[in-house]
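Take a look at this one; I'll ask things after.
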């Protein structure tokens, strides 16, 4: 096949299968498994179809543009090495699928399982076929994700959940490091394209970022390949269904790390740091894994540690940096995949058939399941490195390399001994694995009576064991060409001559092998009885990896919580102080850099009245600040005084509109605040007797005073600096010049509000509308505090008085109180309305306008409410504030949109004079219509808010009824 | 007419107010009339006690009396404030009244309160007694008779 | 964009305003009508935003570049202008997608937990859209107030103690920030005499040196107001709490709120204090960088210490803001483009997360779900499955859980920046840009480190939460999950998937956006040359 | 006058800030009122001080001379600001009431700590 | 700020006297607010400014603007009317409230063995 | 000359009114009881209105008239509310 496009299919097919499987019904296990199998085989078939090209040493490439500006294209790339690896992934994948079909319980909803498995397979193939560094990272993280899902497949088991989580966190974290490492690598190479990277060895190794990149990439690879000290997650991943273990821990997942190391070997290997880090890590892993495997009681645990050990071996080989070692690494990768997969599957059969994997409980199974026993024995022999099996060949290569001198360090000296020792351990646990399971007396008290597994379930093992044998016996005819392709594409012109012969004569490696075999077997015979009593591995059992993992996580969280307490707050006061401090500091920075100076203008002469005004205004403000805690009403009155000073200042500063509006707003705000005062708690005296405040309080208040004074000073300084500077050439000149000619009004401020910047006003009335709706909504569910539900003290006393005195009926005190005021206030209502209409009408030319008119109108209503009480007013008048709001908004927007009809943008005003008989020129401005909209919204909103608050007084008697004791909070729709 | 303009006095007052505010022009006469008509009708829904007012000389006489009293008491109170005589003593007086119309009572309240030195505090509708505070109380009965003679009679004439 | 099409620029503001104004005319009994009205308006807003994006990108025929709308037909520096360029079109589209999905989700039941939900919701959209469109700093203030007011209403929607208490803080803090906003605007106006952003840009270049300090002080104080909204540390403690208190669809829409602050900082810093303005710009950039890094650290700490998923989400919002601010502080064309990608992706992710939290937690057994990763799970070395009797048969996952689980995993991946959704591309693009700079400074490394750490923290916590909530077998049957709840989450995730698949064109758009931001000449020219309709005013 | 007005703004700001930092919601509301006075005057100050020059022009073109009038723009901005701060104050007030009803305290943090 | 409209001398004198007199009367009333003991006495003081003081200033204003605009300007009447209508309302309401509070305070003083009452 | 006289008279009366406002403010600050303060505020408003009227005369503009009118017509509403609150414990029943 020459069309590179099918490479995409190799990766895409498993994902497609995954999606299909996800939607299959839970019970369709035959369909799900056959579909998965077919897909794996189809992908594999495409791969096989590319073999002729690969054999010729060609590299198949297919790129789809994806993120070209960042040098990221979806690139698939197939060479000898990746072909071999992909074949392994897909081939073993197909076998695992077949195996899983029989392994998984009929009750198990396997479509989900196969969905995850295929997605995992796709991700793994994705890593292998990636022609781009980022794409590798992409699929890399996907394998972490899907392995998480696979390990946690039986998530109703605690161990599965924990194992999955640990695997994800460790490998995911490694993956992120890998991403950065690869990004650095790409930066050094000038491209993320793999071929470009592979071609820039010299540039990369000379780059100062080489070491950080190397470390980051190695962290990624080591976590994935369970290298010491990151190995601890792998044994816990055994909580996965056995087919998953067979797959993840033989050909995929853990192999991704060594795959990457092999792939990047040409550019990364050969430096001293590479040698030191990779070799040391590999060696440590090799020994630790082998040692721990000896002491496992769980068959899968033993295999897991053995996997760790073998991965260490491969890593060690890659770390050595010599081409021959690389060849051995590639070869061992393949070999390990075959025998380890078959061993896992055999373990699965035993578990399946006997109900346990405990080496201490199992015994003499060979007579119950002879075929499985045979297969397992062969595979275990391969693992131990027994001649005529594939494991022997690669281990011989390893031992030969161990004898070579690579760096002249102590590692060179120690390596032969340690390699032999590790091999002996390997023999030790292999023998134990086989002997304790299959030999000895028949087992007692197993959950199930052991029996041979169904033939289809054995078939994958048979195929794999056959492969072990064939490679072991006739390597050159079987694996030879494939390995040659792979080696050539990794090593290129550094490809060494190597021999795949079974017999090299009596060499030192052979001697080491023999020592290992004999030593391992001897050790087993010596210690076999004691092993069963071991709870955890001696020496390294103290390296409690997972415990450390959890402890580290816990420490992180505890530290985080401590820091969060320390550097965060829930308190409003602190947050407000921080905002003001920040503003003060940032506002001061420019003056600190450039210096503060007043402007060149002289102060204008102080008007004595203005001075008097602000003496009392300032006194009111300060006094209000002082009184607000214990004397709310007093503070309110004082703020009113300061407000009046502000209003008069506006007039003095040539802003009649502002004075007018501010006054009206003052009145409404005062009423609002008074309305709310009734619902606030009674002020209790200071909790500290006068003068006995704790020093902390003094300090805090002192700080607040300092901050307040600093803020006041800062704002004053800014204001002074502004006012003493000559005004810039402002855009407002245009407003004055065009207010009448273009806007049809003589009150420039109002023309700005309804025309030049009418859009602001539209937003402003929207704010009003929103706030009113919110207030209304909030008050519909308002529940006063229990002690406020009572009638105010005054009313209770007055009612009591009414009741007690003979010539008073209930409510007479109030009636007498309001008799005269009521008459006047009632008849003022139409007067105020008229005045409001007047303000509305004249706004465009003189101070006034829709807002002022609207507020005045609502004050008129408040007057009525105060005089007559809510019930009486609402019995006679029906005000529908929300309708007013709606109509006002629609009116304002419609006025704006009307301009569209004439081809002008939104809010384009139109004003002209209509000459009517008798009356003369009548100004007709669309702006007036807009202002009417504003008026309606303001009336609606102000009324809605005032009335909503006022209504609480009528509502509360209902709440006061004894029938309703403290009801639980009605949290409709809340998260209950 | 009554149906169209239910409160003619109010409408008139509003119209006058409009003209005072806007100035006299044909357009504003029309607009003012319109506003006065419409706004005065809002009182309909409030259903106030129907005011009965007799327009006549009594009103003018009352106005004159009140103005004169206000000027006089202004001087008196200013003197009190500036000299602050130690023998001044203030106090409440109770004033029985025959007035029943709330409008008449309101106008009396306005007069009493607008006159410096006296302050309407409340009217007990059950006992028909008005409570007044006086700044410089020399003779309680004199106050009572003065108010009854000078104001109450005229008010009865106008409102009842 | 000529003729009637031109009015599309203002439609994102008028459409929701009109729809909500009409809705107010109907009372609460006409719920169905209101639902259709708001959903329809919201869908139209997406179409509208997409059209604007089309017209401002190269894809649009004819009118390439920023489009200007002269309100009231007044010429540029005098009247208020709306400007839609690549950046604002992008933000509009993002906003209205979030708006639509959140609104859709709310139909499940949330819109019934209080009155006037739809009107408030649309008005929030109006405020946000307006903030993205306006080219006038005071009008920006007005739209800030619109969106804030609506957000106050929406947080309180459904009432309850926590919502009320949280909103009390939220409102107070924002009022304080608004006052700072006004002070800043006043200072800037007092020096430059203009409010139009483009006009400001040209006038600032000509500022008298003696007035410079005043101008910068104005910008700095204004900046504080934006930073409060953007959620910078230490001005953002209110944020996680407020968002957690809000109803899920509201919180999901709020995901855009911090981005409004970011947008304004982005817009104004490039327009007003671009490369030319020297020291001040450098100072501001350092501030953003350090502030952003601190925010990220605080966000990570918060994520790790969170006991509820809503808190995780809230602190993730901080991390996202911090990343953007720190990135802005470092600057550079490629980085800004990457940051914009991240902005879009993380906003969608947070929104989806807020939507999915509630149904996920609804299925959980306990109220306070995340035990926290603090408590060790393992007591010792691996012992395998030998000692525990474990059930090695899978359990059928109910459809509800499967869907939720899938959605949850996707959200987690997005947040942690893992494939296959857009979070990965965003992370890649940012780190790539940070590494591509001529010399990679220590601050670049710090930012990279924090990006990685924050991703890991998110992954750790989300894994734990997901396992606890979805995998731990519960006794109760899973509660019902309606399509109305699932569809919007799916839509958001689909958008993220699409961002991944079409990362190329998206990134090309964002790169062009970044280029235009760095060289605002096009923006300035568009505003300056916008001619009133009909030559002169009528 | 400039110095006087600056001082006035400063005093209002300082009083407002002090109240803003207090723990009782009512104090905070009053503080915000005082602060908004200060800010409104500050915006006015941005247009520089002009006495007796209200921006109400005549109808003849000659009267449309900007030099004759106080800057109208800050006035328009203040009007908008007044309205908005009125609205938000009202809202905060009602939230305060609701919070007081639900939590039983008028402390800004909803729990009575030390003041 | 020293400025004033150009008026004929006679008018200027009358206006000046009216305004000054009104202001002085108002000040006297306000002084009463300080000097007079007790709330009920102070209530009366306010009325000075609200009646004669205001009237004088309004007359001055009417005269002044009538001359400036060469037409009768009488809209100040409205202010007089409104103040006259509204001031009593406030004073009545305040005075009655004060009486009530006096009474209740006395009552609670008797009942609560003279514990210091807070202001509100 | 007459103009100066008038100016002096108006300025003097403004100062007098300013002092009157000061007296009212004194009552607001001093109390001693709430109704005293409210009375002070009411007087402050009234005097402020008169001040605005003199300002109108001084500038010869009628622009400030409406503001004065607002105080005259609506200024009392706040005082009424305060008075009612003192008497009844709430403003609108």
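Residue numbering begins at 1 within each chain, and the chains themselves are lettered A, B, C, D, E and F in the order written.
Heads up, the rule we're going with is that a residue touches a chain if its C-beta (ideal position, glycine included) is under 8 Å from a C-beta of that chain, and two chains touch if they have at least 3 such contacts.
Note that the structure is predicted; figures quoted are calculated from it, not measured.
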Highest contact count belongs to the pair A-C
Most central chain, judged by mean Cα position vs. mean of all protein Cα atoms, is C
Note, CA centroid farthest from subunit A's centroid sits on chain B
Subunit A to subunit B, mean C-alpha position gap in Å, rounds to 74
Distance in whole angstrom between the CA centres of subunit B and subunit F is 23
Cα centroid separation, subunit A vs subunit D, in Å, comes to 40
Averaging C-alpha coordinates per chain, one finds the centres of subunit D and subunit E separated by a number of Å equal to 28
Multi-chain touching residues of subunit E, meaning two or more other chains, are 1, 3, 29, 31, 43, 50, 75, 78, 82, 85-89, 92-93, 96, 100, 119-120
For subunit A, residue numbers touching 2 or more other chains are 570, 572, 576, 580, 605, 607, 632-634, 636, 652, 656, 677, 715, 718, 722, 727, 730-732, 735, 738, 757, 760, 764, 767, 771, 774, 778, 781, 794, 798, 817, 820-821, 824-825, 828, 831, 835, 846-847, 969
Expected list for subunit B, residues touching two or more other chains, is 17, 21, 109-110, 120, 122
Listed in rising order, subunit A residues that touch subunit D in their complex are 570-573, 576-577, 580, 601, 603-607, 610-611, 614, 617-618, 621-622, 624-625, 628-629, 632, 635-636, 639, 642-643, 645-646, 649-650, 652-658, 661-662, 665, 668-669, 672-673, 676-677, 679-681, 687, 697, 704-705, 707-709, 711-713, 715-720, 722-724, 727, 730-733, 735-741, 746-749, 752-753, 757, 760-761, 764-765, 767-768, 771-772, 774-775, 778-779, 781-786, 788, 845-847, 851, 941, 945, 948-949, 969
Listed in rising order, the residues of subunit C that touch subunit D in the complex are 138, 142, 145, 148-149, 152, 156, 159-161, 164-165, 167-169, 171-172, 175-176, 178-179, 182-183, 185-187, 189-190, 195
The subunit A residues in contact with subunit E across the complex are 605, 607, 630-634, 683, 685, 794, 797-798, 817, 820-821, 824-825, 828, 831
Residue positions on subunit B within touch of subunit E in the complex are 17, 20-21, 70-71, 74, 77-78, 80-82, 84, 90, 109-110, 113-122, 133, 135
The answer for subunit F against subunit E in the complex is residues 2-14, 16-17, 19-24, 26-27, 31-36, 38-40, 42-43, 46-47, 49-50, 53-54, 56-60, 62, 65, 68-69, 72-73, 75-76, 79-80, 82-84, 86-87
